[in-house]
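First the structure, in the form of structure tokens, and then the observations on it.
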Amino acid sequence: MTYIPIFRKRPPPGTAPGTLRVPEDAAPSTVDVMQYDADELTERRLEPFADVAAGGRPGLMTWVDVTGLADLDLLRTLGERFNIHRLALEDVVNVHQRAKTELYDDQLFVVARMVRPDTQEAIEQVSFFLGDGCLLSIQERRGDCFEPVRDRLRAGRRTIRGSGPDYLLYALLDAIVDGYYPVLEELANELEVLDERVMTDPDESLLADIHSVKHRLLMYRRSLRPHREAIGALLRDESKLISAPVRVYFRDCYDHVVQALDMIDNYRELVGSLQDVYLSSISTRMNEVMKVLTIFAAIFIPLSFLAGLYGMNFERMPELRLAWGYPALLIVMATMAGSMLLMFRRRGWLGRRRRPAGGGR
Amino acid sequence: MTYIPIFRKRPPPGTAPGTLRVPEDAAPSTVDVMQYDADELTERRLEPFADVAAGGRPGLMTWVDVTGLADLDLLRTLGERFNIHRLALEDVVNVHQRAKTELYDDQLFVVARMVRPDTQEAIEQVSFFLGDGCLLSIQERRGDCFEPVRDRLRAGRRTIRGSGPDYLLYALLDAIVDGYYPVLEELANELEVLDERVMTDPDESLLADIHSVKHRLLMYRRSLRPHREAIGALLRDESKLISAPVRVYFRDCYDHVVQALDMIDNYRELVGSLQDVYLSSISTRMNEVMKVLTIFAAIFIPLSFLAGLYGMNFERMPELRLAWGYPALLIVMATMAGSMLLMFRRRGWLGRRRRPAGGGR
Amino acid sequence: MTYIPIFRKRPPPGTAPGTLRVPEDAAPSTVDVMQYDADELTERRLEPFADVAAGGRPGLMTWVDVTGLADLDLLRTLGERFNIHRLALEDVVNVHQRAKTELYDDQLFVVARMVRPDTQEAIEQVSFFLGDGCLLSIQERRGDCFEPVRDRLRAGRRTIRGSGPDYLLYALLDAIVDGYYPVLEELANELEVLDERVMTDPDESLLADIHSVKHRLLMYRRSLRPHREAIGALLRDESKLISAPVRVYFRDCYDHVVQALDMIDNYRELVGSLQDVYLSSISTRMNEVMKVLTIFAAIFIPLSFLAGLYGMNFERMPELRLAWGYPALLIVMATMAGSMLLMFRRRGWLGRRRRPAGGGR
Amino acid sequence: MTYIPIFRKRPPPGTAPGTLRVPEDAAPSTVDVMQYDADELTERRLEPFADVAAGGRPGLMTWVDVTGLADLDLLRTLGERFNIHRLALEDVVNVHQRAKTELYDDQLFVVARMVRPDTQEAIEQVSFFLGDGCLLSIQERRGDCFEPVRDRLRAGRRTIRGSGPDYLLYALLDAIVDGYYPVLEELANELEVLDERVMTDPDESLLADIHSVKHRLLMYRRSLRPHREAIGALLRDESKLISAPVRVYFRDCYDHVVQALDMIDNYRELVGSLQDVYLSSISTRMNEVMKVLTIFAAIFIPLSFLAGLYGMNFERMPELRLAWGYPALLIVMATMAGSMLLMFRRRGWLGRRRRPAGGGR
Amino acid sequence: MTYIPIFRKRPPPGTAPGTLRVPEDAAPSTVDVMQYDADELTERRLEPFADVAAGGRPGLMTWVDVTGLADLDLLRTLGERFNIHRLALEDVVNVHQRAKTELYDDQLFVVARMVRPDTQEAIEQVSFFLGDGCLLSIQERRGDCFEPVRDRLRAGRRTIRGSGPDYLLYALLDAIVDGYYPVLEELANELEVLDERVMTDPDESLLADIHSVKHRLLMYRRSLRPHREAIGALLRDESKLISAPVRVYFRDCYDHVVQALDMIDNYRELVGSLQDVYLSSISTRMNEVMKVLTIFAAIFIPLSFLAGLYGMNFERMPELRLAWGYPALLIVMATMAGSMLLMFRRRGWLGRRRRPAGGGR
């Protein structure tokens, strides 16, 4: 498992800001452009990259969706074309940013972190630039959770086709935020299984599984939490880029973030409690083991001593000559063992005395 | 126990906002309408749904109480009739919202979470829309804690009949908040029993019960806590929908939420302390077990060795021939056992040395 | 111990606000009235309740001190006479309010919680209504910490007789807050005893006592903490009911609350630390027990084996015939035991090796 | 150790505010007066107390330094002479105040808590009254950390002699705050020793020492923390008593408080971590002990059984007659012991397998 | 390891503010001056110190970089030349300041803490004074992370050469903040190794390594955290010293601090979780050890007793005479051992029953 976030291959300290470096394992770049208004929608893949604005009559909304960061020239060209601040462009390429919203002059720069739909363990960075009439999104690699949004655009759904790029930004961010819910649901399922196992069958692997759930919760929380602030900044945004009717939608998206974070905190407390139960069940079990050992030892060690005593080879041990010596000793031994058992029963060491779990409810 | 909140069957990520989906296990929908002023009260069940406004003279307050979410057409009709934003309507149907207050133009949208009076483990969502002269409430299923409010309306109690729908909203929210008190009281009783058991009879089932109480506290806290913010928003509300005299009542309701949350936090600390006591009582008990084992072993193992020594078959073991060899050995053995016992008594290992629990008070 | 706060016998959820119910075990009601100015003081017990205002010339300050909540008619009459909001009156009777300050029109409503001077475990609610020229205080039952204030009034002390009812309110609240100090001091004494015991004589009852101190700290904190906010609200009060010179006194009272809360937090950390020390001393002791057991077992079990070996009845065991067989074996055995002891001494298992506690200082 | 703060001998609850009581063990009172400006400095001990103002030409700064609280008349006289509010005077005598800054009309009242330089465990209260052209400081007992400040005054250092009493207040507060550094340094040394011991030689006394460090950290934090707020209040002070150039110095003093608190928090985390390491080293050691016991028991108990078996006195035990019976049994026994040892070696129970501590670095 | 921060050799409490003392082990002082504008760059080492302004035409930006604090005269001269407040100069020399930003009249004083690039354990203080057209930086000793910035200056990079000293301050602070990333990456690597080891091979040295990682995290957090506030103060700075375009860069630098702190908090939670896993794996292992012991003891102790019984030398023990006595006893013994094994198998004590770690995923 590689849940420990690593941010290798950063530019070395002291490098000039805005220096672009292709991240390791960068995927090849492609550019998809959708241009639409309420009446019309065109969809193109630009390869090699041509001017986005070319084609399409004025007044159309433009969504430029870049995938893959391998082609730095492409990114630089986009940077110039969309007038992107070089610090923002550097953040696009250093793919370990926290989610955030920044205002550059006439442009909103939003970074979000998307759970990859194919492998839920990986989280990739998606950067958005919201300008007047256009939205630029830049993803790390192919495979995203935007397909339903594209389908709504293609299907000519009135709300999304009739609104500006701010609504499109909302739709994409909402898809990203909602993408955390299935993985949390998966964790909820694992938690239920762990809860069952900790009560009935606590073994050592349980702890590794608890540890794993804990780490994934930590990873999702770390990734999701800054979205609250980022989307909150969009809500309070002072630029004119987010229109008032769309703000209501962002408020809804903010609610989803808060609810998911609430879930995560809840799960973390549950995991902590599970771990406590597991640890104390280990202690309880060790107690059981010790009791078994002690009962055997306390009963048989004195008896063995007695047997050893009369196994001695002294010439004068009068008891050995007595006809009733052996049966008498057997009776003494049985009495000792019986009284030991009685004592242990009184201390409640015999019988496992378990009430059914949850019996107090 | 299904205390792990699950929010399955959410619409998939990327779905258009406002998409309504019948939640799983949705109850069939019914609509009850009460119209009243200080002088007059009519009560009707609309089946099939007819226009609410029909019947009743102008100036009457209207409370439309919808139960069950199975009939999406009904909800859509209501949405149009009451001019509900589609995001709010989506929240009504996605029944895992946190409690919240939102202002839509001329309408207050309030979500609350109600402990079901029949089975205190389940918590259902109740949505309210407060408009001018009317209140719409939408519950997940039949069975609520509103009956006393309805009785007060029917009995013609002056305050509630003479006030507007804002007071009605207060009365219903207050009933919901007060509904948490009996379940907390139940938990307080369980805690007292656990406190007694942890001191007198700590067994493994205790831990499961502590775990269960902890989880329910977590569930209630998670459910109740957002009400503080939601009702606080009503207190500070800038719309004209909550009149000044009713605000005093909401302040009282806010107090009740804070007090219940205070209780919950208190109980959580008590549960944590109980768990500590339980864990350390396990350790103490293991100590007792180990002492018993060690005492038996330390006394009898050396004696057994001596007995074994004189059980050896060497031809020349002069002691074996001595007439007083056997009684002398017995005396040596008794002395050894006695001095061991003395040592253990000095170390305080004999006797359980328990002061009566709470004896320090 | 009944430290788990219980709030039974609340009105059922949905009851109309302002519904008064006699709390269980309510004490019979009495009314004591003091009227005073700098020159004159009259003191009366009203039984049955007569109009408070009767008697006494205008301009006198009036303190109406009600004890016992059994007589609802009396409370309703007072409510009308002093123009009390019915929500406030309900809070008076539901005696599990948190401390708070609320402003109703021309009246300050203050709830405080008083440690009962007779039995320091119980905490009762005291409600105050501060109006123009009069103070109404309502206590749960007889027995309070106000006697020194009454004595100062009777003794004609200038400050209190020459000030308005706001100063009287201060004096009473200050008496309530100061009433927490003796019980905290009592807890400090118990903590010192526990600290001593945990170092010298940790037995199981210690844990119960730690648990008990923890719970009482929790109870006092829960009860005292809201006073900070309540008295803070009086400091910032916007009504004219608290005059500027008296505010300085309330600031002092606020300081006392903060200081006591500070103490409680301090004690809670100390208790937590004591518990850690106790738990680890149990572990250490178990280690000691295990070492004793292991030393005995490791020395004597091999020796017993050797003795058993030469106790076998094989016909051909040449060693048994040797004249020096027995003494040689004894030497071997002594060597084995000695080398074992040496090994254990090297591992530091022999001797208890305790430095005097606190010897590191 | 008496680290549990006790505040006995407070006036009983309900006592009139401003009542002065000599604290227990109050030191006899003396009054030292320094009067100075840039050119001139006089230093007098007033005994008995005479009017401070007497002697010295107008325009001189006056520092009245009172030591010891035994003489209440003196304090009352000073209170009248410097126009001190009686609540402030009460705080001077009740020597368990938290550090604070309060503004009374034309006077700043500052309470600070000084680590006594002679015995670093004790912390005493120092009260300051800053008025126009004069500073009054009241200490609990002789022995302070102000001598270097007095020396700077006597040496005619320009800054301190040329500034007003606000700078003097700064210099004294700064000396008090800096007085916490040596004791923290002492604790850092103890922590280093503990860190060394916990890795090499964890015995039970270690825990007592950790406990002691923890408590002293708690004590210093409790004492120092309110200074942050108190000095912060001086920074934001709205009276004219602190001049703008001196505020820069108070900012520096504030920084020192924050830095020392930062240290304390750091040390507390280190202590907590040390305790965790200690506890788990106990567990690890118990594991070692158990392994030794188990290895001995598992090897020799089966062997002893075999020896016991052939020590039985049955008449027909054919093996006993065999010439090679005894050597064959010895070989069997050696094989069993060897295979046991092999199994334990495989489980890694033999050898202590310690990597050098810190070897992972 | 010397991770416990020590601040020895501070001036004694009560020393006049602004007193300069050479810190212990102070490095010899050198002064390097760079003067530049977009067209021209000169670089000089001043030795002995000459007037900085000498040489270079007006309008050039000046960066004076002082290394080593041994030469107090140099520092005093610089202090006079750059008009530095003596409190600031004292902070330069007392090299244990927290990172901070302070405004003195027309000068910004910034303290930062730099991870030394040569030995990542040590952290040194760097002080900056930003004035009009010049930046003064003072480092503790040779060796810094500024070389790339110098290279950018020398290479004539347009942004840095064309901007003022505020941009240079940004570039240096950014280099300092980025210097924390490699050491965090190193810690992430160690964490991955620890995570692997705790699952496969938990021995005692692991705990020491966890302890070490924990302490270094604490050290870096303590050092880095105040930078957030310090750089935040630069962002909100009200002086004209930071120009609006450069503020965008400081925002980026602020982001880097927040991201690194986020990482550190994340790692701390991971370390805490690792420690929990380690502790509970110790408990689990002890359970295993105890089970082995108990199984051996429970099987062989009763058998040994039986063997001892028939090893007794009573004259009348009829069983010993029976021809089938010995084989019958052997069968009884085998039956007992077998049923014991069966019981232990049922309890799940036999076999290690480990699911593959992470098998629950």
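We just call them A, B, C, D and E in the order they show up, numbering each chain from 1.
Definition applied: a contact is a pair of C-beta atoms (placed from the backbone, for glycine too) under 8 Å apart; a residue touches a chain by one contact, two chains touch by 3 or more.
Just so it is clear, the model here is predicted, and its values are computed rather than measured.
Q: Which chains, if any, touch chain B and chain D both?
A: A chain counts here if it touches both chain B and chain D, which gives C.
Q: Rounded to the nearest 5 degrees, what is the angle of the rotation relating the C-alpha atoms of chain A to those of chain D?
A: The best-fit rotation has an angle of 145 degrees.
Q: Please tell me whether the contact surfaces of chain D and chain E are same or different in residue numbering, using the over-half criterion.
A: Mostly different residues form this interface, as fewer than half of the numbers used are common to both chains.
Q: Taking each chain's centre as the mean of its CA atoms, how far is chain A from chain E in angstrom?
A: 25
Q: Mind checking the centre-to-centre distance between chain B and chain E? Centres are C-alpha means, answer in whole Å.
A: Centres of chain B and chain E (C-alpha means) sit 40 Å apart.
Q: List, in ascending order, every residue of chain E touching at least 2 other chains.
A: Those would be 279, 283, 286, 290, 293, 297, 301, 304, 308, 311-313, 317.
Q: Follow the ring of contacts from chain D, passing to chain E on the first step, and record the chains in turn.
A: With chain D as the starting chain and chain E following, the sequence is D, E, A, B, C.
Q: Touching chain C in the complex: which residues of chain B?
A: Chain B reaches chain C through residues 145-149, 152, 157, 159-160, 171, 174-176, 178-179, 181-182, 185, 188, 191-192, 195, 199, 248-249, 251-252, 255, 258-259, 262-263, 266-267, 269-270, 273, 276-277, 279-281, 283-284, 286-287, 290-291, 293-294, 297-298, 301-302, 304-305, 308-309, 311-317, 349, 353-361.
Q: For the complex, which residues does chain C have touching chain B?
A: Result: residues 1-2, 4-8, 10, 12-18, 85, 87, 91, 96-98, 100, 102, 104, 190, 193-194, 203-209, 211-212, 214-215, 218, 222, 275, 278-279, 282-283, 285-286, 289-290, 292-293, 296-297, 300-301, 303-304, 307-308, 310-313, 317, 319-321, 323, 325-326, 329 of chain C touch chain B.
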